[in-house]
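Each of the two complexes below includes chain A, the first together with chain B, the second together with chain C.
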Partner chain A sequence: MSNSRLTRRGLLKTSALAGAGLALPTIFTASSAAAFTNEPTGSSVTLGFNVPQTGPYADEGADELRAYELAVEHLNGGGDGGMMNTFSSKALQGNGILGKKVEFVTGDTQTKSDAARASAKSMIEKDGAIMITGGSSSGVAVAVQGLCQEAGVIFMAGLTHSNDTTGKDRKANGFRHFFNSYMSGAALAPVLANAYGTDRKAYHLTADYNWGYTTEEAVKASTEAMGWETVAAVKTPLTQTDFSSYIAPVLQSGADTLVLNHYGGNMVNSLTNAVQFGLRDKQVNGKDFQIIVPLYSRLMAKGAGANVKGIFGSTNWHWTLTDEGSKAFVKSFGTKYGFPPSQAAHTTYVQALLYADAVERAGSFNPCAVAEALEGFEFDGMGNGKTLYRADDHQCFKDVLVVKGKENPDSEFDLLEIVEVTPVDQVMYAPDHPQMGGPEATLGTCNAGA
Partner chain B sequence: MFKSGTPLTSLAITAGGLIGFFVLMIGLVGVNAVLLQTLDGLSKGSAYAMIALGLTLIFGTLGVVNFAHGALFMIGAFCAVTLSKFLTLSKEVVDESKTDFLGNPLKVNVPYVNDLFGEATGATIIDWAVPLSLLFAIPVMILVGIVMERGLIKHFYKRPHADQILVTFGLAIVLQEIIKFYYGANPIPTPAPSAFSGSLDFGALIGMDPNLIIYPYWRIIYFVFAALIIGAVFAFLQFTTFGMVVRAGMADRETVQLLGINIDRRFTLMFGLAAAVAGLAGVMYTPINSPNYHMGMDFLVLSFVVVVVGGMGSLPGAVLAGFLLGILESFASMREILDVLPGINQIIIYLVAIIILLTRPRGLMGKKGVMEE
Partner chain C sequence: MFGLNKKDFNLFLIVIALTMLAPFILNPFPAGSGMAQFNAGYPDLMQRFVIFGIFAIGFNILFGLTGYLSFGHAAFLGVGSYGAIWMMKLVTLNVIPAIIMGVIVSGVFALAIGFISLRRSGIYFSILTLAFAQMSYALAYSVLTPITGGETGLQIKPTDRPIFSNLEEGEIGRANLFGLDMRSSYELEVGNWAFTFNTGYYIAAIVMILAFYLSIRIFRSPFGTMLRAVKSNQTRMNYTGLNARPYTLAAFVISGMYAGLAGGLLVAMDTQVGPERMFWTASGEVVLMTILGGASTLIGPVLGAGLIKYMENILSKINKDILHQWFAFLPDGIEDFLVTIVYPFIGKGWHLTLGIIFMAVVIFLPGGLVEGGKRFMDFVKRKKSKTPPSDESAQSTPAE
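And then the complex of A and B:
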């Protein structure tokens, strides 16, 4: 008698499993012909630009898209070459990537994680995108990075500032050029101590989501380390538009400094409200009351108008930098579009070039080969001085800009002035830093999709 | 419509509840904090009350649940944006002494009003753009309201409420996308006249230590403005013949029509009036928060809760509930409260709505028979 027990239930289970396996989208399973997901076979290669084209960050998304179009033009040998001329690596020839003409498709993240994943998935599956890049939110970046890891394509993050993107949620296929909350805190603290002294009482208002938490944690840690006291930290809903009821109690608390861990629309409104309350004209504990915005965006600062004057914050890059790379980029972008680029445009342009350069140096589009070429890569000439793409967490390490709202702006773009360029050594941290997810945080293994 | 036994009981219960609440809060956080948050609640509630008042006017007269009402508030705000953009229309003058970001001579914008009225007067006119926008917004909003009602909403009077909600919600989305197309997605700063910047120190006024109770001038003006507008609407309905006919129509439309009065035309005008109230609330709101295309949606859901809590179709109910929920929302954001009840700031409005609807299904001042057919 046979030992094989093929029951009706067993057969059903097996066929269901087999059926589910067959039904899996092709990106998650090995394709016999290609060595990796979306291996380019023709004379062109497709990049996927996933940016917010609708929703509250649509203007930042539009600037990212402008930068990507400029990068594609430069990669294909058009225009004046921009930062390709100042980039320390000379692998890019202006003949596309590995001789293949660069084409692109775009997706709309809507600054919603599910929509961003859907648009990235569509670009990978339907359009054959070999790499996904862009975005203007940490929630979206973490979500899309996870998808790219599963799909076996490289993700070059856009504007995302939460520690988690290259901290506890880091992925082998994901890379971030933009700086993060830890770096903002570390760069701001000494400048604040210098300007406002080491004896301050801070009141934090924090956007109630991933990025808000990591920023509050970073700024608290670095300001407390230099002697400041944190009086209170209050979480505000992400959907909040009027912050008056959160700002009203600040003066009564005895605090003399207000830290607004808010970004985008939240930042515009909370800063406007705080200035309306006349906080900055007040004297508390014998000191002038001060407001701090840890992460500045020039596009958003515009919405807050004159309220940003004299307020400290940090930024990844600013168009008034005078190094050769920044000058080349501003000239190239400004000539094409008629206004200077934002930090979102800068980081996405750089990410596109860095990806292309890594492919050239690796000699392959295979995501694992590209990742290897990016890991530990040191470069210069891209607007932030000497920069390292650290192998341990795929985070770029470079100088951080501490900026202040300009008192007498010359134009509508001239809103921020650079107060200090904090050297990279001061913002460096160990890959297993507690704010970065501790020793448990790992990249995992690279996925080529095949 | 103001005389009824139940709303008065309701008022008494609400007043009693509020007094108890305030006593509790004073014990918990102190009298200064309570004064400050009450003030803040009144200013927050002003916007809710004005929007809810318009919503109730439309619902009470035309029987339409208007989900595009938030969009009317937003359009009002963009009336202010448009006028300040118009006033700052400029010619470009090249300033050879400065350079722009590409190293070319800097082009400086000089507003045309400066040419017309001189630099000082021109600057004052631009500074006062928001209050001036009120004059501009009234005709625009009445027109928008009438076009909206005659052009689209009137075709939905005989349809179920669900259809009305769908069409007005769709209209709201279309309107906000149109605004986004022309004005972009980012907020546009529209400051108050510089005379009203800064804040009033109430504490110092009444001889207490400074900085204990400070509140921005413009928000105080917003509250006073809301009180005036709401008072004017009530006076209009109560003391004019037109208002009397409208109230009669709200109570019994058929009989009023049988008397040979064209009640439809009056109701259309009431739609225009409701649009104007929402629009003016929007104009005055622009210095509080820089307007953007989705500001209407931010207020819409809240205003509906306000209307339901106040009682569908009850004008005083809408106003009362607007201020009440504003005050509760303000208190729920205090860290002393959040430490005990984390997250209460996000649900307080809905929690109160549930409690009120469970205990008084018609809302605070709702009348029998409204939306109950």
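And then the complex of A and C:
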């Protein structure tokens, strides 16, 4: 080993040099006094698509990414334009956003809030993303929304259904197009009353985490309001794969309705178990036993197969809708990928377009200007009918679809049929509703960063 | 100097130089060029490098010295984070009390878990720690939702009003060090290159240098020798009349406190905690870091942590479009072919690449990256001098 000659003088010299080197930069620093975080200066603008590519919601994430790529293509003037043609606002020209070509970076949230924040941070700090969007879980949405608020960029939430995202955890820089637990409950209750009567005894199985709690609360509140009784509400671990031990006590409880506040793989397993136990063939209190799944998605229906037949639930959007917007979207998505889009794809596509449109109308990428353009914005032609982006909590208000598992599906995508389109007035609530964090919940002030 | 022998002191200087010059070292490619994809010199990742470096250094004090493989170390990271964020939410937004709180909380937690787990050794110890960590995760995820925020985790909210703060109405508190914002950065542009100097990073880096120094001292102390004795032959140690338990427990608690320090720093840099931080995969990650870099070497765990975090954050962001750009100069058929071959290993497939590297390291370089470095240096030296390595250099590389 060579003898290193580390002397005091040598050390002093090196540190002096290093110090000078560090001081030097003030000469080179370009005076880039940006008005807000990641102000796009070149001929392009970068959006950050932060979706789960691994983990339990990887399927949803993949579909979201497809929708984003389609949206970018349409924004840059490629393809057939999709919903840009049916969108009520005509600010988008197909020449990018404010004339800047849209580019994007992608990241993997892994459905973990830490990983999602790390990935969003790298998009903001390294790639200069001006807006972050995506995600397939409320925990991630809340975590990334908080980050965007701190960093001073806009967050357009993807698939997140928990009340908290625009309830107690709402943020001035965050926006959600997807519906929420409260709306599911409010939309389902009247349909259930019609179909099953007003004197039922409900038994809830609830996934033991945040989204499960808000959904249980919402469904309980709206069903009890019309006369149902809640016999019991049992929490099930998120990692549970076999629900037989939870299903057995349901029959002994004297309940005649089972509400499964489960999502994704959880719901597929619990519903399959419940049907295998023969719950749906039972008679309790002189009534047929029924099962309800508050939040449906096509991917879940696919997983549960024939078990979903005749089971009620709610969904944000379904590709069989026949309005112009939905038709245009299904057409361009189908042409590009060969199968119809899921509700996750729809909401993310719409969010990307809404953001781009808000920038055009505001005439600036400044997050505060964009937020102002989105607040109170009313639009149509995006597949959900007339929609309002409410200024008080940055939540979209639109009609909610109540769906039911189809008895005779034509294809593997055609698993749900729309029972009723619940009008928006029925699912409207006050911004300081107790389920939404009460009067304490506040958006805070818009942060433009820099 | 500083009570270190020459070799350790040189290593210490190298670590100081690497951490202090990281913004330059990690951004070798001009911004805007195609290679900028591989730049890692942005604040968040640099912070993660040093923080997970601390985590791995601490883990190595337990695993590298005593040979006890804890498979639940992430629990201490998570507990430290929760302790730190509550300190920030309730008492002060200054990061120092928060970090100290994180260290204390996880130290106490480690004492309790270590006291029980260390009654067993080998695989039983690993399983016990894994069980405790998964329990903590499950508790944080659902049962303790009022304290931990459940799945959503905890953040600083506009309604949080710490006792020692003068926030305006509706203002969201920011982590700071006596008024110095953790997120403030200084951007230096030289030609096409852009280098970012971030306050939070330098604070974390200084903490890591201190943690590294402490770890050298522990490695070279009589206490460290005692821990090595536990690893080499615990039975013999017992027969000489020494009780190993106090030593292993001390190592376990120190290592847990390192994890708490890392957890506290994570919160200081990014004021948010989620329960996934305690998930068993996070515990497995620190084992990977340590083995990949070289267990029971001083610098190994830091290198391992760097490599894994680099892959997680850089490799996972390369998507198909970027691949097509890279291979665009080739004819279409070959381009598509190459993209198809490479695609499974990047983007969401980064775990696969990590697995392959890990296997290669374990099979061909059992001493980790550090051994790789040593072999390389020996190879270069031999080429230069054309003489067999002297006894001195053979002695200076003990099999630790």
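Methods note: the second predicted complex is superposed on the first by the 418 of 450 C-alpha atoms of A that agree within 3 Å, B and C clash if a C-alpha of one lies under 4 Å from a C-alpha of the other, contacts with A are read in each partner's own complex, and residues count from 1 in each chain.
Following the convention adopted for this analysis, a contact is a pair of C-beta atoms (placed from the backbone, for glycine too) under 8 Å apart; a residue touches a chain by one contact, two chains touch by 3 or more.
The structure presented is a predicted model; accordingly, all values stated were derived computationally and were not measured.
S.K.: After lining both complexes up on chain A, report clash or fit for chain B versus chain C.
M.R.: Aligned on chain A, chain B and chain C fit with no clash.
S.K.: Figure out whether A:Ala118 sits in contact with chain B (first) or chain C (second), or with both, or with neither.
M.R.: In the superposed model, A:Ala118 contacts chain C only, not chain B.
S.K.: Does chain B (first) or chain C (second) touch A:Trp319, or do both, or does neither?
M.R.: A:Trp319 sits against chain B, while chain C stays out of touch.
S.K.: For A:Pro237, is the partner it touches chain B (first), chain C (second), both, or none of the two (neither)?
M.R.: Both partners, chain B and chain C.
S.K.: Return first, second, both or neither, reflecting whether A:Leu251 touches chain B, chain C, both chains, or no partner chain.
M.R.: first
S.K.: Using the superposition on chain A described above, determine whether A:Ser411 touches chain B (first), chain C (second), both, or neither.
M.R.: After superposing on A, A:Ser411 lies in contact with chain B but is clear of chain C.
S.K.: Once chain A of both complexes is superposed, is A:Thr41 in touch with chain B (first), chain C (second), both, or neither?
M.R.: neither
S.K.: Have a look at where A:Leu299 lands relative to chain B and chain C in the superposition and call it first, second, both or neither.
M.R.: Only chain B is touched by A:Leu299; chain C is not.
S.K.: With the two structures laid over each other on chain A, which partner does A:Gly334 touch: chain B (first), chain C (second), both, or neither?
M.R.: First partner only, chain B.
S.K.: Could you state the shortest Cα distance, in Å, between chain B and chain C after the structures are superposed?
M.R.: 6
S.K.: In the superposed arrangement, what residues of chain A touch both chain B and chain C?
M.R.: 54, 58, 235, 237
S.K.: Considering only the defined contacts, which chain A positions touch chain B in the complex?
M.R.: 54-59, 232, 234-237, 239, 241-242, 244-246, 248-249, 251-252, 265, 268-269, 272-273, 276-278, 281-282, 284, 299-300, 302-307, 319-320, 330-331, 334-335, 339-340, 410-411, 413-414
S.K.: What does chain C use to touch chain A in their complex?
M.R.: Result: residues 6-7, 10, 13, 39, 42-45, 48, 138, 141-142, 145, 150-153, 155, 157-159, 170-172, 174, 183, 187-190, 196, 270-272, 274, 276-277, 279, 312-313, 316-317, 319, 347-348, 351, 392-393, 396 of chain C touch chain A.
S.K.: Across the complex, what residues on chain A touch chain C?
M.R.: These residues of chain A touch chain C: 1, 4, 6, 25, 28-30, 32, 53-54, 58, 105-108, 112-115, 117-119, 121-122, 125-126, 137-139, 142-143, 146-147, 149-151, 162, 164, 169, 208-211, 213, 235, 237-238, 440, 442, 444-445.
S.K.: Please output the residues of chain B touching chain A within their complex, sorted ascending.
M.R.: Against chain A, chain B makes touches at 32-33, 36-37, 39-41, 43-44, 98, 100-102, 106, 180, 184-189, 191, 197-199, 211-212, 214-216, 218-219, 287-290, 292, 294-295, 298, 329-331, 333-335, 338, 345-346.
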